[in-house]
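First comes the structure, then the notes that go with it.
Chains: A, B, C, D and E, in written order; residue numbering restarts at 1 for each.
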Amino acid sequence: MILGQVVGTVVATRKSETLVGQKLLVLKPLYTPAKEEVFVAVDTVGAGVGETVLVALGSGARLALHKEQAPIDAAIVGIVDTVKISGSE
Amino acid sequence: MILGQVVGTVVATRKSETLVGQKLLVLKPLYTPAKEEVFVAVDTVGAGVGETVLVALGSGARLALHKEQAPIDAAIVGIVDTVKISGSE
Amino acid sequence: MILGQVVGTVVATRKSETLVGQKLLVLKPLYTPAKEEVFVAVDTVGAGVGETVLVALGSGARLALHKEQAPIDAAIVGIVDTVKISGSE
Amino acid sequence: MILGQVVGTVVATRKSETLVGQKLLVLKPLYTPAKEEVFVAVDTVGAGVGETVLVALGSGARLALHKEQAPIDAAIVGIVDTVKISGSE
Amino acid sequence: MILGQVVGTVVATRKSETLVGQKLLVLKPLYTPAKEEVFVAVDTVGAGVGETVLVALGSGARLALHKEQAPIDAAIVGIVDTVKISGSE
């Protein structure tokens, strides 16, 4: 999984029917050198803009959504309270 | 999922039979530093050149197509109306 | 899927038995900045050196081969006639 | 699989229910140029901060956990005693 | 699949039980610009240090091992006799 920060939202009226009703959030990966890259994940835990979240990628994302037929490849599976990295605070 | 812009089309006469009749579009990832990289996705929502789209990668792409035997790894699953990234308009 | 150019061949006498009889081609990704990187794909459409091809990656590759037990992660699924990218010819 | 070093821990109170009770560790990939990038893996072997570990990515990670419905994409599957790379000690 | 060179070995006493008895080799990808990056693959064809090998990544790796429950994401599936890249010898 990766750590990300929720930085925005996506609205898509025309979409795959299994995505209807899903909250699509824009995320920026944290702790990576690729600071400009963003991606879109389905929220499964009630995350909001500004929060640090745990993101499952690939087929694991569909398990979080309990909709194994949804065409998704990224899901927010946790809201992070603290990250402790040794050598940092 | 990632955000992309449709930038072109691909014609392939000789191809895997499960791809026959599928619209193959060329996409450029958006909001990434890798601006030159393009890839090919199957369209499932009626997207056209110039539109911003939501793309599912990997095994999730086949779910969008409702053809789980199709040898694909990327599908357009939504046409994006708006992307709102905090700190930008 | 990605676009690639067939640039070579691989011969491997000792290999996984499900790969016996498969044509293994070396490909260079097209339209990416990573110009030096090459990879190996199983040919399913009769491609040859020099041709531009459409490549499925991951579990989708096995579907093209109709051998779901083959340990592969890349398959050539189409021979590209034309790629049209807007803003280019 | 990749080699990584455990560099920290993650606490996430609100999370996908299949993740409850799992130990989430922060890892830094070893032997890669991308030294700043970190990711999160579920521990299945009792690893601790500072240890060098073997990490399975993607759907393989869920097999290590014996919870195939858990929305994860990385698991620590071994604690490395020695890595011997030819040309080095 | 990718081409790699076997550059070393990994010993991990504490590991996922489905990995017990598997030979874990360290590989360096060939023909890529990322020369420093190494990864670990399970050997299924009797490869040794110094050899050029064909590596299957992702879920395809488990098929080579004939242990679909093993938490692995990379397997050596062939020992390469020759690679011929056009424009080179």
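As a convention for this text, a residue touches a chain if its C-beta (ideal position, glycine included) is under 8 Å from a C-beta of that chain, and two chains touch if they have at least 3 such contacts.
This structure is a prediction, so every number in the text was calculated from the model and none was measured.
Asks: Please give the intersection of the contact partners of subunit D with those of subunit E.
Replies: Intersection of subunit D and subunit E contact lists gives nothing.
Asks: Rounded to the nearest 5 degrees, what is the angle of the rotation that puts subunit B onto subunit D, matching CA atoms?
Replies: 145
Asks: Averaging only over C-alpha atoms, locate the centres of subunit A and subunit D and give their separation in whole Å.
Replies: Distance between chain centres: 19 Å.
Asks: Go ahead and note the Å separation of the Cα centroids belonging to subunit B and subunit E.
Replies: Distance between chain centres: 31 Å.
Asks: Quick check: what residues of subunit A touch more than one other chain, meaning two or more?
Replies: Within subunit A, the residues that touch at least two other chains are 34, 58-59, 61-62.
Asks: Looking at which chains touch which, would you call it a line, ring, star, complete or other?
Replies: If you draw each chain as a dot and join those that touch, you get a single closed ring.
Asks: From subunit D, heading first to subunit E, list each chain in turn around the ring.
Replies: If we begin at subunit D and move toward subunit E, the chains come in the order D, E, C, B, A.
Asks: Using the touch definition up top, name the residues of subunit C that touch subunit E in the complex.
Replies: Per the touch definition, subunit C meets subunit E at residues 7-16, 18-19, 24, 26, 34, 36-41, 49-50, 58-59, 61-62, 69-74.
Asks: Which positions of subunit C touch subunit B when the two form their complex?
Replies: 1-3, 31-34, 44-46, 54, 56-64, 75, 77-88
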